[in-house]
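Structure in structure tokens, see below.
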Amino acid sequence: MASVGENQNAAVAEAMVHSLKPQALLVSREAKEADTVVRAGSAVVGGGSFTVIAGPCSVENAEQMVCTARFAHKYGASILRGGAYKPRTSPYSFQGLGTEGLELLAQARRLTGLPVVTEVMDTQDVDLVESYADILQVGARNVQNFCLLKRVGQARKPVLLKRGLMTTIKEFLMAAEYILAGGNDQVILCERGIRTFETATRNTLDLSAVCVLKEMTHLPVVVDPSHAVGNRRYVKPLARASLAVGADGIMVEMHCTPDKALCDGDQSLTPADFKVLMSELKAMSGLRQVWLAC
Amino acid sequence: MASVGENQNAAVAEAMVHSLKPQALLVSREAKEADTVVRAGSAVVGGGSFTVIAGPCSVENAEQMVCTARFAHKYGASILRGGAYKPRTSPYSFQGLGTEGLELLAQARRLTGLPVVTEVMDTQDVDLVESYADILQVGARNVQNFCLLKRVGQARKPVLLKRGLMTTIKEFLMAAEYILAGGNDQVILCERGIRTFETATRNTLDLSAVCVLKEMTHLPVVVDPSHAVGNRRYVKPLARASLAVGADGIMVEMHCTPDKALCDGDQSLTPADFKVLMSELKAMSGLRQVWLAC
Amino acid sequence: MASVGENQNAAVAEAMVHSLKPQALLVSREAKEADTVVRAGSAVVGGGSFTVIAGPCSVENAEQMVCTARFAHKYGASILRGGAYKPRTSPYSFQGLGTEGLELLAQARRLTGLPVVTEVMDTQDVDLVESYADILQVGARNVQNFCLLKRVGQARKPVLLKRGLMTTIKEFLMAAEYILAGGNDQVILCERGIRTFETATRNTLDLSAVCVLKEMTHLPVVVDPSHAVGNRRYVKPLARASLAVGADGIMVEMHCTPDKALCDGDQSLTPADFKVLMSELKAMSGLRQVWLAC
Amino acid sequence: MASVGENQNAAVAEAMVHSLKPQALLVSREAKEADTVVRAGSAVVGGGSFTVIAGPCSVENAEQMVCTARFAHKYGASILRGGAYKPRTSPYSFQGLGTEGLELLAQARRLTGLPVVTEVMDTQDVDLVESYADILQVGARNVQNFCLLKRVGQARKPVLLKRGLMTTIKEFLMAAEYILAGGNDQVILCERGIRTFETATRNTLDLSAVCVLKEMTHLPVVVDPSHAVGNRRYVKPLARASLAVGADGIMVEMHCTPDKALCDGDQSLTPADFKVLMSELKAMSGLRQVWLAC
């Protein structure tokens, strides 16, 4: 049992931490000035490249996954996304295919060569998901699931950490700090919209946060416009804006047949939409190099 | 592997759920009109009683826990609170005493007879925490940690579920539904303040939510003013308001020596504050019976 | 034309203001420790009393106004409310009866003896409204209409200032400061709900703000639960909570026939509701005196 | 006096309006499919062009205004901004130069040829401001000052209407509807950041709103990144993002010597910053034509 003395030590340690300046954090530019580059299979995130992650909200079946993955690959995505474990507001909604979904992701990777990012929701699933995925996603609702953050801090795979709907930038960075403090410095931050009073869009995409994050941290920052707005018509312009504001990439939902999607079909791009989006982003790449050089 | 046919079945099921009216939920008044009464040791929550849960933010050491517990018992609290596992924004803040904290809670229960509520943060800790605690707390940051909700749905102890900082009332009820759907109908809902633009208080206590919840669900609803405002001077009036608005109880932080608390000392009542609060609440109990009878 | 020198003086003045501590403000407890008591006709707001303001959202016609005013008077309201100028989101909604509405309010005052509070929306209407009303209301949407604040600062009638949906407590106090700085120290502050992400109620009533305001300012603070929740079923419990939290009064909407109201009928109490509410508040008055004495 | 019958007519009219679909609004694409083009002096807003409005927060003196205007003109701004009447949270802050500020704006227009936009805060000032300005600005805090909206609806000059800090898109469009209903169809909408829980930036720029607005209304939509973020370092990337998302222009603060600005100096671009920004925006104009053609 901890003696009173030990607790006093803890109190002293706490006070010390509070007095530390933020630059002491492992995630900060002060701790590491150069951009962190995250590598997963053939893909690179950060350090000047603009990375596109695409795929369906949920892994549904072999046909859907293979079809969507082929389009993602064909039009230039670097990483494939797809959920095998789905956090759903209702216990009666489709909860994901679990292990079977992981198998289908692995199959899609074999066929396309694209590395795979997929969500892990619980500490008990990290070993399993890590054995399949190239990047572990920690979802918006788990951004302050500190046990999970500690656990993926010990993983040997990169982590894509989504900002929560209610997470301040400071809290978001502290969540990433949990992972780095655990020994895993391969972390990608993902802005995906915050909850505000506005109801015309599902959430409010906070692109200012990209500017602030790029200034404060060396970790790469990507943007997920699909979940932010919940409407495919707005994904393309917001993806362009994400590139223009200085993000290191985007993550978008794309589905070979969105009308049949088991979840979030309204916000999924069709392959044709995705093709146009990729051509628009490519056309901006020259300008992007100029902006980065400033 | 699920065939396409099976997935189509899932899609059909999803569509059915979406078309269901909310009254079909297990948490709803339509499913069960009478108030649910949660029982834990000598304590009762819901069904007409007004229950006071008190104790320190964190279990720190034997002396602090015993001293605080004796005051809680002396002045009339029905349930003792104290955190052994602490969700902290920073990985460098005090993370709780863990198992040792659970032992100290058990010791305080032996000395006072008060049942104990304490937070469980991870599915892997549920068995352990359940073996010590009388009520399992799921914290605000885990209100949509669906794996944890499913797991405590299988526990044989009641669950106190805190509303998240940005959880809508509908999402809050759906989180509770996960627990009931798992087979555990002993759930206490706890309003603890939501995040808004206002920064004069730590969060904004949403007492309207108590009215809405009491109308929509049969589950008991308690209010935690301490975390909502983060300032002990405002806890007493907001506790009175919580009773006046129709809550089934309150959860307040109390510490024998708040100035030495390892966390949240500013919002902890002193034993003297708590004594006054309890006398004020008792003086309102006659009126409360009249209000409930309307 | 101001010379550069004069502008530099302005810059110096600005810098001085920024360095001033908040206690220098006229609204602050530091500037005036004792509670301000606002007097209007037979009514008193602040200084220990609990004042009930009641009446319809809009003045609609003589029959409605007289009928509602008689009930307000009969059951114990101290001040009558009713809108002659209505701020409406849509230009096509009923905009109020204007001067005719002011006449009807004056008629209701003659019949009941109750002083009248009504909204003024524009600087050009202040003279007219002041000639009829006992208290000038500045509505939530005009809380930072600084020209209007300056103008009512020169009025010889008290002002009821509503907090805006987006107004921080600090901004709210600064808005009141505009009125006091203009020479009118008879100001009543009114909390009426803030806009948050929650949509189950029209707005979120911020009762913590009452605690903070009562600590920071000597001005009386009343609560309008009707506009905050937009549903008459929740008005009674929130009115009780307003008293319990330490407010100096409430403002509620009451209509002799809410189902026929031209606006906000859903949130208007019936006369029968209002009678019960008043008896509940009266039953709490003894306890209130004890709380205030602490 | 309106008879009961007349009020019943009003109630019927109200019910009719509620049943009308939004496309009936004058601001809607359904009422007018083609983009509205607003013309002021030599400048055009909407209809395919990308318009840059630049200038200081406040008009301070002749030297500052002339110097800043010359830079705005030199680097390619189409419209000059500058506040003569300043809405300030504190009554003790610099409130603007008033008429003298209007004179200085007129002087700057003579020297540069740029049309001028400036804020009008009160109905009583509209005639005066209209006699000087080319475009009347209605500020964020007055977006639901319905008397002012009605008054500028009768003006013969275009109106730049800023979204409030907590105005929904629907409310924003209804505010514009007040102006069009008054007979003035020359309205520019301006997104300038909304108030959220995030405090790392002054407000949260809502670029999704541009997508929604461009879909729903024919009115031109510009973006003010300066007020949204309150930090000049973030203005350039957010201006690029505003163009990329489909806005019809931007409004940015620029000051010849930001360090000496009487207000908002932190968010004002230097002339050198502005020059770089303009070259970046020009480099995007070719791509923009392609995006608009899709």
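As written, the chains take the letters A, B, C and D, and residue 1 is the first residue of each chain.
Simple rule for what comes next: a contact is a pair of C-beta atoms (placed from the backbone, for glycine too) under 8 Å apart; a residue touches a chain by one contact, two chains touch by 3 or more.
Small disclaimer: the values here were computed from a predicted structure and weren't measured.
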Practice task
Name whichever of A-D, A-C or B-D reuses the B-C interface, so over half of the contact pairs are the same residue numbers.
Solution key: A-D
Fill in the blank from the handout: Of B-D and C-D, the pair with more C-beta contacts is C-D
Exercise for the section: Same or different, please, for the chain A to chain B contact, judged on whether over half of the interface numbers appear on both copies. Expected result: same
Practice task
List the centre-to-centre spacing of chain B and chain D in whole Å, with centres computed as mean CA coordinates.
Solution key: 47
Exercise for the section: Could you grab the centroid distance between chain C and chain D? Build each centroid from C-alpha atoms only and quote it in angstrom. Expected result: 31
Exercise for the section: Specify, in ascending order, the residues of chain D that touch 2 or more different other chains. Expected result: 166, 195-197, 199
Handout entry: Residue ranges of chain C touching chain D (in the complex, touch as defined)
Key = 1-4, 7, 10-11, 13-14, 17, 20, 60-63, 87-94, 97, 100, 103-104, 121-125, 141-142, 144-150, 164-166, 171, 174, 177-178, 181, 195, 260, 262-263
Fill in the blank from the handout: The residues of chain D that touch chain B in their complex are 166, 195-197, 199
Problem - List of chain B residues in touch with chain C within their complex - result: 166, 168-170, 194, 196-201, 204-212, 215, 228-229, 233-234, 237-238, 240-246, 276, 280, 283-284, 287, 290-291, 294
